[in-house]
Each structure stands twice: as C-alpha cells, then as structure tokens.
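The structures come next, written out as structure tokens.
In the two complexes below, subunit A is the common chain; its partner is subunit B in one and subunit C in the other.
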Partner chain A sequence: MTRLFTALLAMLLSFGLAAQAQPLRLQITEGVIEPMPFAVPAFVPEDNGGSQYAEALSRVVAANLTSTGLFREVPPTAHIARITSFDAAVSYPDWRAVNVQALVVGAVAANNSTLTVKFRLFDVVSGQQMGQGLQFAGSVQDWRRMAHKVSDAVYSQITGEGGYFDSRVVFVAESGPRENRTKQLAIMDQDGQNIRTLTDGRSLVIAPRVSPAGDRAVYTTYQTGSPRIALMDLRSGQAQLVGEIPGAMTFSPRFAPDGRALVFSAAIGSTTDLFRLDLGTGQMVRLTNSPAIDTAPSFSPDGRFLTFESDRSGSSQIYVMPVGGGDAQRISFGQGRYSTPVWSPRGDLIAFTKSHAGRFHIGVMRSDGSEERLLTASFLDEGPSWAPNGRVIMFTREAQGGDPALYAVDITGRNLRRVPLASPASDPAWGPLLP
Partner chain B sequence: MSVASDIVGRMDTGQKASAVLHLGLVGWVLVFDLFHAPSSDLELPVAEVSLISATEFAALSAPPAPAPEPAPMPVPEPTPPPAQPEPGPQPEPAPEPEPESTGAIFSPVPTPGATERPAPRPVDRVAPTPTEAPPEDATVDLTAQPQTSADAPGDVVLPEQEQVAPPEATTEIVTEATETATDSLERAAAAPTVSPRPRTRPERPAPVEVAETPEPSEDPAPAPEPEAEPVTDVATEVADAVAAALADSLAGIGNAPQQTGLSASEADRLRLAIQQCWNIGTLSTEAQQITVTLGFSMTPGAMPEQGSIYLVDSTGGTDGAVSQAFEAARRAIIRCASSTNGYGLPPESYEAWRNVEITFNPEGMRLR
Partner chain C sequence: MNLTTKTLLLLAGLALAACNNPRPGLFAGGGVDGFGSETGITTGTLGDPNDPRSIAHFQQRIGDRVFFTDDSSELTPEGRSTLQGQAAWLRANPQFAVLVEGHADERGTREYNVALGARRADTVQRFLIAEGIAASRLRTVSYGKERPVEACAEPRCWNLNRRAVTVVSGGVAG
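Take a look at the complex of A and B:
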C-alpha cells in the first residue's frame, strides 16, 4: 500500500517539474499596418545586351510594388551594399542597417531578340532566401512584361495572394470638348503604359468588358444611332454586332466565366430585362420578365448566379438570382441607390456604386449583402472593375466640372491612387493575368 | 455513574454516535446561543420633520410640465420609377459643394466588440489642467518643483531642493453615477485577465513525539483496531503531499507572468516590443484572419534564437495563408529584438522567459 502511495507521489512530483518548465505565454491582438520596406538594386547585366535593360527592369518592379501601397522602396541612393553578381552572398547587415526587409536581386541577359530575366527574393530580417528563384525569357520588346512577371512573383511570395501586374485594362479614352466629346475604346497595361486605341472614335462607345481569356472585348456602341452590343477580337481589332433583338436597345453586356456566353440588357417597350446569348449557337434566352428596369448583370465566378441592379422595389437596388433566371433576392438594404454590381474573382465580395446624399461611393459587400463597406466618396465615383486577384478595384472618378479619370483602391479602403494617364478616361474593364 | 456506564456499555456504535451528536448539539445551543433571535430593542433612527400645508404639498407633488413634442418629420414621397430606361451614361448629379474625400473606410454600423484602449479611471482631484499619476516613488506636493542643483549656472545660487511631483488630477469630476456604460466596459477591459495564483501550501512541521498519558479508567480499554491508526496517518500525509504537488504543478501551468518570476510589467514590455513590429499590412486578406501561436527560445541576452522559432498552433485558413501569417509573426519576433539588441529582460529570471509562446491574434485589426 505504501509503495502505491509513493509511486503516486513520484508521478505527481514529476508532473509538477514538467509543468514548471512551461514557457512564458503572451497574447498579442494589436499590431501595425504599414508598408514593408524593400530594395530593388539595378539588375546585374550578364552581357552587353542586358545592360540597357538592367536599370529599367528594376525601376518597373519597384514602381509596381510601391503602387500597391503595401510596400515602400528604400531608394538606391540609400543602399550601402552593392550587388555586383547574381550569385554573390547577400550582406544582410548592410541591408538591415538601412531598414530593408525584403530584397530583390535580379540579372538580365539579352541575346539577339531574346531577353532573359532572373531574380531571387531575400528576407533580410530572417537572413534567408524566400522561395525559389525564377527565370523568364521573352522578346526584348516585352521587357516591361518581364518586369511585371517579376513583380507578380515577388508580390505573391510576400503577400500570399496572386499578382495583377502583368494584366491589361480596356477603357474609354476621351478627348475633345465636353459638349462634343470623342470616346474611343483603348487598351493599356495596368500601370497606364502602352496605350493603344481600338476604335476610331466616329461612334460613341461605353462600358467595355474583357473576356476571361483576355482575347476579346464586348462593349456598347452607338454606331447605328441607338445602343447595340459589339464583340471585338483584341488581336485583330475586328468587331461585329451581336445579340440583335428587332426593335430593342441592347446594352450592358458581360462575359460568362467560360467566355462562351454573354448576358446583357434589352429595352423592349417600357421594360428592360436580362437576356443570355450563347456566342457559339446564337441562341438567346430571356432571364427576367418584369415591368422594372433590370440591368448591369454580372456572373459569379462559378457561373451559378447572376447579380444585377433593378428598380423593381422602387429605387435601384442589387439583386442575386440563379443564372437560369427565377427568384431574385434583394441583397442591398442601405440608404441610397445601388448600381453596377460586379462579382469579385474570388467570389466572396460584390463591388458596387452607391449614391446617397449627393455623394457617390465605390463599396463592397458580401454576396449575401452583409458587411457592406464604402471604400471611396466623391462627387462622382462609378463603374468598379476588379483586378484579377480580387484585391484592387479600378473605377471612374469625375470631379465637379472636371474630366473623368481612372482611380484604383485596395479593398481595405487604403491606397487610393490615380492611374497615371495623360488624357481623360472612363469605364475601366480589368482583364485577366496574361499567360 | 455505574448506571450510566451500564447503559453506555449496552449501546452499539451507532447509538453512541447519535448520543454524542445530540449532546454536542444541546451543548452548542446552551453555550453559543445558536438559535439566538435578533434583538428587538435596537435603536430606531429618528429624523426631524416639519409640517407643511396641503397646498404646499400639492405644489411639491405636482408633475413637471411636459416638454413640447417635436414636430413630426415629413414623410418623403416615394420616388416614382422612370418610365423609360436610359441606357446611356449616368445623368450628371446635382452640383455638390463638398470637398473630395480621401477615400477612407466607412462602416455603416458600429461593429460590436470593437476594442478600444481603456481610459484611465478619473481621479478625485480637479484641476484646470489634467495631470497624470506620478511614479510611485515620487514625492507628491500640491505645487510641482523642479529639482535644482547647487552648481547650476545662474546669478543666484539656490539651495538644493528635492524634486516633487504634483498630485494626479483631472479636469472634471466623474462619479460612478455619471459613468457611462462605455467607461465600465473600458475599465473591465483594463482589468487583468489572470489573477495571481495562491501560494503553495506550506510544508507541515515534522510531528513531535509526545509521551502518551494513560487515561484513568476503571474499565479495561477496548482493544485498539490495529489498522485504523496507521491508515489515518498515511492517508493524511499522502493527501497533504498530493495537494502540495498539485499546487506546485499548477503554479507553472498558468500564463500569469508573476508566477514565472517575471513581473507583469516586464512581460508587458516584451509583449509591446513585439507588437510594434508585427506588421500584417502585407498579408493577404485571408492570412489577416488567422491566429497563430509561435514558440521560441531566447538566449540569456534576451535575443530570440532564430532556429528555435516554430509554429505551435493556428486557427483557420489554408496552409499557404497560415504560412504567411507565421512568417509575419516570425519577422516581428526577430526584427524587434535585432533593432534593440535584445528584449532587455532581467537575467536573474532567465528561466522564466527562456522559453516563450506568443499567440498573434489579429482580431483587433480585422476588416470591419
């Protein structure tokens, strides 16, 4: 009996000793949200041809990362260490001394018309490389795309989200006096570079949308005098009218997630309803049939639902319904008018335009209408379009008496910035990541 | 006496116990007056009153005049839907003189549970300008005096005087009656989440052997049950030992820093140091929702050993998002120690902070 008690005592005492070795436990619930300092020294030229791109590549990468608002560049003039070889060991103390936390080291070589770019990303705080180094090869004419690819890889490695730098935006480029404005369809890199017009400006064009593959665009054109839907091949520039309904005005088209169908609005008589057009067969299906105005449809990423705006309740609100039609559920219940809903590529949020008390806002809400957040406010903000990664929204902002311009904002509401364009622009449609 | 002994001798054990208990209860009532009724001869409070007339009473008890009701708000007319759809561009909105916004986040409704920094409880002293509480070791005087030095430059050499601090003061009196619910919540939030654990039970003194004095008895003492006495002693000692061992064991399990040899302020200083380096701004929106717990060891110089940092636990999210959240927390642990050349913890309590586990919970920073 005594042995049993002694064993019990020993067990408890040993448990006690083990428990006394427990670590100090703390909990942190508040941190900071600030840009991460990074450095991108000029890429190392590995031959004579690469030297003319070495500096430019690093500058594009730095500009891309800075534009997100998540990163802050430590300028090259502040660097202590010099990168002279792609494979040289990184002097972490020198980079820590200038408060760099992420370091991008790259090299470039140009052989005839082929450009080869490679890079490595280093976590200066931990003193180790992050992930694997990558190498891209392409035409020298596409050197900016190579820089965008590097930027996307760095962004993804640090944030854990997909990038959006190697993507393009179709928009409406405006010129001329306000009372006689010329509107042309145009396409640019997401950073406002490489602008190329797609239409000649003889007819008014509005509301372009890019196909999921990025090879086509649909938009509303007034080339016949009334709104019609046109489908354009972005490589050839050839366009044709689609979704013709005799006696009806058709407008506000958008691609299905598989790119094989369109959904759009048609005004027939005093009503405006939604229709679905199969681009392969030309078959058309009516999705709504109400005396109200149903317009601005947008697919969910899985293609099972549609969100659209309708004034069937008396004022413009946002609704969600099955893709084949049926019961539509109203999801917006705040004050003001809601319009132009667009489903996020991630599927979790719907971006919208809201007007209330004389102000316009770009906002987001969950697909059930909950957790509404307004990201912007101004005299006129409208027409949101999602970046391919669902983190950034581009839209049109127009100041009172001013020209329209393109702006972008993070879905956190931070980092509102103007897309650098020399001329007025509106109706952005963000395309997918390029292959 | 012999009759009583005879009666006792014929009683069984249960009857003996019952008799002892009943006698004890009667004795308790007699001695301690257990069922003592409260005294009724307490002094009654007496207050002086004055007589007033019926008219004065009616004037005092009349209800106050009702406040005028606000005018009803006009009900806005419902906006009729437009008769004809307008597929063209949006109509130009009415001119708006307000300046442009910088694009801040708006939340339509306040988020319940949003945490704020707790406000200090107002002090009793009222002054034109508020004064923070002086350090505990400071001398408090109604008039703050800067410390002077006899060798300070100047025309007049003042005698050296001791520096004193003004007493803690505030600009208004806030009583408990005027405290708002928010104040109470804030004070509740400022309350410590863990209370100090009671000290372990002291060891029992070694038993002192005392010579037993045999009780005089005419009857021979009943034969003692041989197992009864030893079992009682061992059981008591084992119970005491188990209690002591449990108390010692449990003392090391809690997260109260006081019990580990690190003061609350020192532990809080470590927490704040790491907190200011925990940057979740570059994390994905998914990773910003994840709670991770990291464990690591520290050198005697209070520098975290990088190779020892590991993931203890995580809540929610995909593996990739957990990895991002882990890296952000890891950078926080390393970066702040590097920038200050260690966390400056007391070396005498090294064993208390040699191993650390920190839970990084972004609940206070999530998107609302």
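Take a look at the complex of A and C:
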C-alpha cells in the first residue's frame, strides 16, 4: 500500500469560518439549479517527469467536480489566460471574461517514483485565493488519487461538506447468462476506475459491505453450497468464513461502526433473525426472535441503534431497535414494501429501497421515519449505499430485461448518473474516505 | 463447427462429467468446485422416465418443483398435490436424499429474497416430513433471486422463478 500524505500546511480556515468569509458557496441541501462555472487548466509541469501527468490530473479534477452536478466546467478551449507558472498572479479579468467563478491552478513534479501535486483555489468573483492551497506527495501509481484529493479539497472549500472522491467502492461484477450468473467481488475507485476483482467467480457472492476503516469486506458467499458470511482482508485478498451457525443459512452481514463486530441474518427453519458476532472473541448473540424475516440490518453511526427490515407486520417494513435488541419501532408507514435501510454516515437520514405499484425506488427518510422522499424510480432500483460524506447514494439499477448497472444520485434527488463501467455490476458498498 | 461435431463434443463432455463426478456424497461441503456444488446437481444417470423408480420419472412425471405467489411461501393446491407425489416416490425409494432449493423472482431486494427462498424451501421440507419422509434425508438451501430458471423480465417468467425445487440424488446423507 503506497502512502499518500498531506505535506504542506493544513487548511487554516475551518469550514465554519469559511462560510462567513467566502462569497463562493454552494448549499447542497437546497439543491443547485445553476451549477457553478469553474476552470481547471492543465496543471503546470515543474519537471520533465511531471509533464505526462499535467493534463491528466486536471481532467480527473474536472470530471469529479462535473460529476457532482454542482459545478459546470468552462473548457480549456474557452480560456483566455494561460497558466504557465504556479506562483504567477492570477489575471482575474481574463477568467471573469469567460464567466469562470472558481479557478483551480495546479502543478505537478515527478521525481523517480514520487509524484508531488499541489494546487490553489481562487474565487474569481471576489478576486482572491480561497484557503491556503495544499500539496500531496505519493507514488506515481497513485496519480489519480492525488487528483481525487485535490477534488475533495476544492469540493469541501466551496460546499462546506466533506469530500468523497478519494474513496473506493466494493461491488459485485457480473458476467454470463442470467440463469447461471457468475458474480465476482470487485473493488473500484468511486469513479469506476482501477477495477480489481477480489474473488475468482467460482462461488456466487452477493451484497458486500466495507469495514469503517476500509481494510476489510464482508459478503455472502455460496462457497459451501449454502449462504455463508465471508470476511476478506482487502490488502491480502484472503477471506475466511465467519459466524457459522449449525443448520442455518447466514447472510446480510454488516460491520459495527468500530469494525469489531458484525450483525447479520440467519435463516433457521422458516424464520430469519438477526445475530451479532464479536469478531474478536467469536461470541454470538441473538438480537431478534420473531417468526418473521428480519434482515438487512444497518448500524446508526453512533453504534447505539440498528435499523433493519422485517415482514413481521405482513410485508417488508423498516424498524429501528437498540443495538443489543429489544423493542423494535416500525418507522415506515407509506404504501408499498420497504427494504434495505441504510443509516447515513451523518446519522440524520436512512436510505432505503421501496417497491410499490410495480416500480422500485431509492428514498430517504429521517431516522424517526418522517420526511420520506423518493429520489429515484425505475423497473428495479435497490441496495442504496452512502458516500462517506452522506450526500450521495450509489445503488443498483436494472432496466426491464437489461443488465444491472451502478448509479449514483444525490440526496436532493438531482444529478442521477450512471457509474461508467464496461460490464454489468450490482450491490455497491461505498467505503470510507481514504487517508 | 457442424451439428454432428457439436453433438459429439457434447456427448464427450457428458461422458467425461460422468467419469469425473467430483461429489463423494450428496451434502459433502463444496467450496473448491464452486457452482458445481451450489446448484445441488450431481452427475449421474437419470434413467428412463417410464421407469417409476428413476430420477427422470420424479422430475418429469411427478414434478420436481412447486410454485408460489408473489411474496408468499404458502403452498398452492397444485403444489400440495405435487409434494404428495414427491413424498410417495421418496417413501418408495428410500435410498435417495433430497436438497430443497428455494428461489424467488427478481421483484424483491436481494437479501430479503434469500430469506424468502429459505422460507419456501422450509415449507416444502416441512410438508415432506409431515408426509413421513425422514428429516435426515432432507436439506434446504436458498438461492434468493440469484438463479432464475427463466430470464425474461415479465410476469410469466416470474411465476416460474418463484419456486422450490426438490433435487433428488443417490445416497442418503449420513
């Protein structure tokens, strides 16, 4: 694992202070009607090695910002000013003339296997630099990650939200006929790049989750012929079965926020209940004991509650209960079936899958069930997964008769987009922001 | 490749598969050979469907599967009739063990469907036990919506995919 570290000064302005000081500001929660125009000229190469990354870095930053739907790029062909030196004064009138509001100026140097990337963000409207600028150094192989770091910093300074570009997604890569699908666990950067398969496809795998630290994944595997839970070290690719219960099918595993325990489902006879497994001691505790199906659990980020789906009322609905079990409160009361509740990393919202009148939706509600909003609608949408900043949701969409694909939407319901992948994919599990 | 060559290759493949049957017992834990164990299908002679003791007879004449309505694990009258036939066959052929596979259609979420398939398989298993089949001969597995038998995204296919399949194989499990 290559190291990537922040080298220059930490940003001095806290986001709270920035909110008062900066005229450039986007409020994501309100939904942005008019995207903010920005420019990212090719980064300035500071040595020969850096020149091969100069253009590519700026393109990745531009693609990231554009993908949010909050920003609109003013393309390099429209630029009047030319950035030839990282430290030269910015000619604001030239940028204002092409209606740019946010300007990212970057530079790159490549020394042996080490790449150094730095950038500054300028508020063209008020004619001043925003924040202190940052420098990143790491392996040349991680050049895209450095572009993601730049993107995250720009996004954070302008929106006041945490970033999510330098993060990875574990998902299921699909191939072969529908009746005998091959499914492999895979991992990619959040923008669909650097795909790596983690299992060989001989065993069916479904519904992975990433550990809070991003170092492990849990998923359901059919490697024994029956559903079992596998825990994989993402660095080594080594996996082991955990949480086995004699006579039970076990599935739907989720990490506790501290990464030390799992909650999962076990089907025993006709009922499916929730269990907790301490990964350190192997101790297992039953959390629910109903004749119904209790599955798809999700921890609140503070670790005090679990939300899950149950058909104890007759059809699938969403419930919340204390993390150790006990009284479960139903929180979904709209029409249709509710499934796969997933607690936002910010703790304020629960995302879910809803099916009603032959359509499937991804939606969000507050954790008390109020303020339900549907974000999507299609033949089959399911399995929401939150970006680390709790502002974007990735999910599986399958058109009628088509192959599944990964889509993302922001929590205002705007900016629905397909994650660009060349082959069918499902069950995204968004990991944490990388260090 | 002409049809004759294809047929020969297919036959050769079947013969090879028959020789290389990797499964020592019905419920031996799989793992290494992945899908071979997951489908619960063992390789062997199915026999003549006109022979009432053959697996082919069980599959084709009695019927190896029952169907369910949407989001339900209740047996239909047709399903109960099929299972009564299965139970009679299993009573007459005590050397066979059974893996009941529960399946769901694609109109539900993935993990809920695993649980729903488990409930459907359990319904069939309970019915067979009530009909006098020893529990030691029966096992269940759920595939959720992962193994549709019909690929079309329409009700006529979903009706066939919401099923529990009784997979018969030689050798009673220990």
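Things to note:
The criterion applied here is as follows: the second predicted complex is superposed on the first by the 403 of 435 C-alpha atoms of A that agree within 3 Å, B and C clash if a C-alpha of one lies under 4 Å from a C-alpha of the other, contacts with A are read in each partner's own complex, and residues count from 1 in each chain.
To be clear about the criterion, contacts are C-beta pairs under 8 Å (C-beta built on N, C-alpha and C of every residue); 3 or more make two chains touch, one makes a residue touch a chain.
No experiment lies behind these values; they were computed from the predicted model shown.
Touch criterion met: A:Arg202 reaches subunit C, while subunit B stays clear of it. When the two complexes are overlaid on their common chain A, residue A:Arg181 makes contact with subunit C while staying clear of subunit B. Applying the stated contact rule after C-alpha superposition, one finds that A:Arg359 touches subunit B and leaves subunit C untouched. In the superposition on chain A, A:Gln223 makes contact with subunit C only, while subunit B stays out of contact range. Of the two partner chains placed around the shared chain by superposition, subunit C is the only one that A:Ala296 touches, whereas subunit B remains out of contact.
In the superposed model, A:Val409 lies in contact with subunit B only, and not with subunit C. In the overlay built on the shared chain, the residue A:Ala422 is in contact with neither subunit B nor subunit C. Of the two partner chains placed around the shared chain by superposition, neither subunit B nor subunit C is touched by A:Ala89. In the superposition on chain A, contact of A:Ser315 is made with both subunit B and subunit C. Taking subunit A as the reference chain, the count of touched residues is higher for B when subunit B and subunit C are set side by side. Overlap of the subunit B and subunit C contact sets on subunit A: residues 206, 220, 227, 249, 251-252, 265, 267, 270-272, 293, 295, 311, 315, 355, 379-380, 382, 400.
Contact residues of subunit A toward subunit C in the complex are 177-181, 183, 201-204, 206-207, 220, 222-227, 249, 251-252, 265, 267, 269-272, 293, 295-296, 309, 311, 315-316, 337, 339-340, 353, 355, 379-380, 382-383, 398, 400-401, 426-427. Looking at the complex, you find that subunit A touches subunit B at residues 1-2, 5, 8-9, 12-13, 15-16, 19-36, 70-71, 96, 101, 123, 125-127, 158-161, 206, 220, 227, 249, 251-252, 265, 267, 270-272, 292-293, 295, 311, 314-315, 334, 355, 358-361, 372-380, 382, 391, 399-400, 409, 411-413, 416. Subunit B contributes residues 78-79, 81-85, 87-90, 92-96, 98, 100-108, 115, 234, 238, 241-242, 245-246, 248-253, 255, 257, 260, 262, 267, 270-271, 274-287, 295, 306, 320-321, 323-324, 327, 330-332, 334-335, 338, 352-365, 367-368 to its touches with subunit A in the complex.
Those residues of subunit C that touch subunit A in the shared complex are 29-35, 37-38, 40, 71, 73, 106-112, 114-116, 118-119, 122-123, 126, 141-144, 146-153.
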